[in-house]
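Listed below are the structures to be examined.
Two complexes, one shared chain (chain A), two partners (chain B, chain C).
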Partner chain A sequence: MSDSMTWLEFLSQAKGFLAISSKLNDSWQLIEKDKHEPNTFLKYAQKVKYKDELINVEYHIVYSISYQVPMLYLQAHRSDGGLLDIEATWNLFMPEMPRSDLYQMLTQMEHPVLFRPFMTLHPCRTCEILSQFGKQSTNLILTFISIYGPYVKLELSNSYGLINEENEKYEMKM
Partner chain B sequence: MAHDREVLRMIWEGQIGICFQADNEEIVGIRPEPFYLMVSRLSYLPLVTDKVRKYFTRYIAAEHQDGAAWFDFNGTPLRLHYPIGVLYDLLHPEEDGTPWCITIHFSKFPEETLVKLNTKELLESHYLACLKEADVLKHRGLVISAMQKKDHNQLWLGLINDKFDQFWAVNRRLMEPYSDQESFKNIPVRFYHDDDFTYIQKLISPLNETGQKKNLADLMAELSTPVRKAVGFRTHGIGLPEETQLQWMSEHMSYPDNFLHLSVEYENT
Partner chain C sequence: LDCHLFSHCLFIFCTVWACLCITAQQISKAMSDIKILQFAPFESFVSPTFWHKLAELKLDYDRLSDTKRSIYGYYTNRKASGCLLEVDYSAYNSEAQTPKFSHAANGSIYNKNTIEEFKALDKTSLLADEGKQLLDDMRNGRALNDASLLTRFFVLSFADLKCHSYYYWFAFPCPLTPALELLTSPTKLKEMPNSGTYVEAICVLPAHAQNFFILHVNEQAKVCEALSLSDALGKFDEQQAQHYIYCFADPSEYENPAWLMRNYVALLFQKCPTLIGKSLKFLGLRYDQQMQLDNSLMWQVRQSEACNYEQVQFVGWEANRNGKMGPRMANMRDSMDPAKLAENSINLNLKLMKWRLVPDLNLDILANTKCLLFGAGTLGCAVARNLLSWGFKHITLMDSGKVGYSNPVRQSLYTHSDAVAGNCMKATTAAARLLEINPSAVTKGYVLEIPMPGHTVGEALRAQTEQHLQRIEEEVLAHDVIFLLTDSRESRWLPTLLGAANQKIVMNAALGFDSYLVMRHGSTRQLIGDCNRNVEGLKCISGQQLGCYFCNDVTAPGNSLKDRTLDQQCTVTRPGVSNIAASYAVELLVALLQHPQRELAPAYYANTRQQTEVQQPEGLLGILPHSIRGMLCNYENILPATQKFAQCIACSERVLAAYRSEGHEFLFKTFETAKYLEDLTGISEFKRLNSEIIDFDDNEFDMSDNEDDDDN
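This part shows the complex of A and B:
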């Protein structure tokens, strides 16, 4: 099992993931800026309740050329359109974690496709973690979102895993 | 290994003269004189502007004084996380030799355009993320992860205090090929074309298929497409000879974030 993925593997698995999402009537989208590496990414948006406010969160799964793994980027806006800064994002998702971990976990960086500020979870150990979880035939993007998503209130329904397994069984019979 | 010390020195000592102006709308009362400063090309705006901020604070409305400072050149907000030399070269102010006039703002931070690195702590975390990414490209991340926190601190302090020896004592380890290799796995490089601050990143090996070291002419061929041809590269304000080897460039001409930042000149074919 390889611990990283090429751009073409990312693209094909992103499309596989998107197919499961549409089967489940979930609202993931594949955004293509142009045909170049890494300018296609998966996007999902939801509202997250924080105290008395609804926060609009947009999640992007983007391919990292350097790390050769998927990376999770997100942007959170208040209902008045204001962008949450790094402290506010931390309070929204990880208020129970020690504050000293903030800079080890979350960084505001430029989105590698859109070149706008997004928060990102550090990718350092993604390869390692994916290789521990991923089975040969499993969709690595699905695995990636299932592992990293819960840190930022991005939870996939269990049906994703079930449909993915069904697809695999079907492919094996073919 | 990065052994051409004179080159490293020259790159380190590159400076730009900047003329900082106030934002007229933030000024209360008398309009302040501009503030002139020579800054290192390798540094970042938030690291060199403590004095500038202090100077202008006296002239601006109290409610803006604690705001996150940012800068613009002719209406273009300047990325706080790009080395100053990269910003300057991308925006190519027409007359070299005269100070670069930019405006400092204390209010209305452009949240949707600029990564908000208004404290040294945030900039340091961003800088370390860049170093790690570069080391993943060069050595699969093995060198940086074997370093200790104090080494990371030494790099950062060397950079912010403009201490060449302190910085290079650690950086040389990042600039050596790993164990018995003769070159890096890939060259950390960002290619800029327009002045809109977008760049292209690719996996660029320092060696060709036969194991020979690639030079800039090879890189031009690699970046060219049927419709446009790469014809030249610039960095640190200088044009680069096409026989320059990529491995040598990476070791000697990278910015402190360990990336080469190259402006590419294209010609339509």
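This part shows the complex of A and C:
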């Protein structure tokens, strides 16, 4: 069983995910940059408190053509607009993890849609991890965010899973 | 930013704040159990895109104009953190474009042209001007029709576009009205008996109308409806107002309502002065993640005194990060300066190597090592580019040539147009190109001739040669590594000598038609202790005992350009040879710099051919050969190591001593005739005795002469 996905699968699942988010009054957005595919990504932003300072973290779920999986890109900035570098970003999320592990996982790469350097969780094992994840989910993006998100303080409420299950049941009846 | 900058205005703010405090204190002294409602001040929160857009507008549209610009901000009352007012790139749009679950705030930006204007601007009168406009909007009814005008802010800024620094100061203007007495402690909406009907009425309103509105709740009349400000206050009904709850989207996460409620209160008392002295209910709407209003808070307050709006003062400048009244500075170099972006990305690539593959790699050593390249031809260009790839930052090139038509295809730092221009000197052009490739590099290019033994300097050129000589000597001293990448054997003599005399690392690359030689010269640095590891089956030569390019020869360099056909002189090499040699030269240098003994690291070679299987001791990046000789015809490298030659015409003690004692005078004697060197070192004697040794290396690799003659 392969859990890689095509661009069109990504697109339709991103839209499916967005529908759940809207239903739950959550603030995910689907951003379409231009007409050059892959041009679309899911975006979410939140404030995270770090040592009495508020940090804005923007998360993008982007399609990786090379790995054929979703990728989680993120960028964090302070209240004056200054970006957090990779070390500071790491401290924000996982201060207790050893450095060597950090660079196996969190790295800086060019955003495939925006062409700007972003932090990203390395995609090299995403496919493997997604396929190990119990029963096959109908929305791999939901699965992907649920697995990777918690590493970077991106926690989806349980309702996402429940709504998705309802959808699945509904689809099965059809 | 220097916090003294604004000390002169600070005084004024302190007095204003003091007034506020005194009023509060006096009241509380008079009636000890009276509580005063306090507000959570706005905290500005700026997206990097706000600065990106400001820079773009300043450069492309505003230029020298510094008139104020209308901008929009936004705030959210869903899952609020702190009490934020945010701005991003959309701030400059002609219409407010607020993210989901957010409300618009009205503002303006005063972007000054100089830091002096930014500092000198009268902050008190600016705040007063903005405050008066706010009062006008309240008075003439604009704020009733567009309640977002109550959430007011402005930014005073100076964009230092060269340094990517943004100095800024936010203010949230608000009239200093009499204090509000808090009549009961704040109540959560979910604890109120009729909260369900409230929520129903609120939800009828579209999201954008929920910033400020009035809830009319009359239980006897069974009325619970949401009214817009213009409907409720435009034709104010005092009777009905007894049943009003003044609602607003509250971006505060604290127990205190957000700052914007102050302007709301001011609007009410200004429109409906009869409310003074009455108990009023304010409901700050706070959504949670699930869009429930349970945590919304109700404050019951009373303002006893009327306010004289004609003489009112204004407050609202934001305190900076130290809690002081003063501006802030955002350094956006990391995300906006293309040079910094490039530098970070280059470093990241190298760091990944360190983090993932070679944890002990010391990148700082490379970044701080200064390299001087003699020759900016095929080898010079390729070496320079490889140095950049490794994160070397200091690169100086010396060459006397111009870019010619045949050069660009092989010499990777030049283009056809350089050749067409006709006057592009290689050294300076290459230095400029390196900067184009990596703007954070420190590069220099010197157009000069390297004086050579046996190339007589005429009287007319004496002064110029003297000058060049001095420059070369200075630059050798100022650098750590010297690369010999010229196209003749004799032009390598002076740099070899200077490198040895000044204890520099000397790397040498030379090309034949399909062969190359890359070597590190033996060091003249003192070896401290004997750190050489002897390995059975291998011969070990310490770094100090290794030979230089000239150690294997027993002729002084003469004029090798003489009596050669064109194909022997230059340019006739297989194109890949120079890239291979340049890459080896840089990789060997990097390996050397990462070795604890650096250039004193010993070289090993097998005693006999049968024992090549013996493992050589390795540094961080593998073994450290003395030289790499390779051939393209069979794709083979061999790694010979040779001893220093006591009578070497370039690095022997006798030559170094003569240079140290006689200096330029000695050098000019060698330029006059190469024979002088042969006599000085005694190799002319040696040559007569036995000349067989000369051919020793050449038997295996016939490249002793050809290797010099390339198109570097």
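Operating definition for what follows: the second predicted complex is superposed on the first by the 168 of 174 C-alpha atoms of A that agree within 3 Å, B and C clash if a C-alpha of one lies under 4 Å from a C-alpha of the other, contacts with A are read in each partner's own complex, and residues count from 1 in each chain.
What we mean here is this: a residue touches a chain if its C-beta (ideal position, glycine included) is under 8 Å from a C-beta of that chain, and two chains touch if they have at least 3 such contacts.
Fair warning: this is a prediction, and the values are worked out from it, not measured in the lab.
Annotation: superposed three-chain arrangement on chain A; chain B versus chain C shows a clash. After overlaying the two complexes on the shared chain, residue contacts for A:85 are found with chain B and with chain C alike. By the document's definition of touching, of the two partners only chain B reaches A:37; chain C does not.
Contacts of A:108 after superposition on the shared chain: both chain B and chain C are touched. Once the two complexes are overlaid on the shared chain, A:157 sits against chain C while remaining clear of chain B. After overlaying the two complexes on the shared chain, residue contacts for A:66 are found with chain B alone; chain C is out of touch. After overlaying the two complexes on the shared chain, residue contacts for A:117 are found with chain B and with chain C alike.
Counted by residues of chain A touched, the larger count belongs to C, out of chain B and chain C.
In summary, superposing the two complexes on chain A brings one listed stretch of chain C into steric overlap with chain B, and the stretch in question is 578-586; the others among 128-136, 470-478 or 578-586 show no clashing C-alpha atoms.
Residue overlap on chain A between its contacts with chain B in one complex and with chain C in the other: 82-83, 85-86, 103, 107-108, 117. On the chain A side of its complex with chain B, the touching residues are 36-37, 65-67, 82-83, 85-86, 103, 107-110, 112, 115-117, 122, 124. By the touch criterion stated above, chain C contacts chain A in their complex at residues 43-48, 50-51, 78, 81-82, 84, 99-101, 166, 168, 289-291, 328-332, 334-335, 341, 344-345, 348, 351-352, 355-356, 359.
Of all the residues in chain A, the ones that touch chain C in their complex are 24-27, 29, 47, 49, 54, 56, 77, 79-83, 85-86, 99-100, 102-104, 107-108, 117, 157. In the complex of the two chains, the chain B residues touching chain A come out as 79, 81, 111-117, 121-122, 125-126, 129, 132-134, 136-137, 141, 145, 188, 197-198, 200-203.
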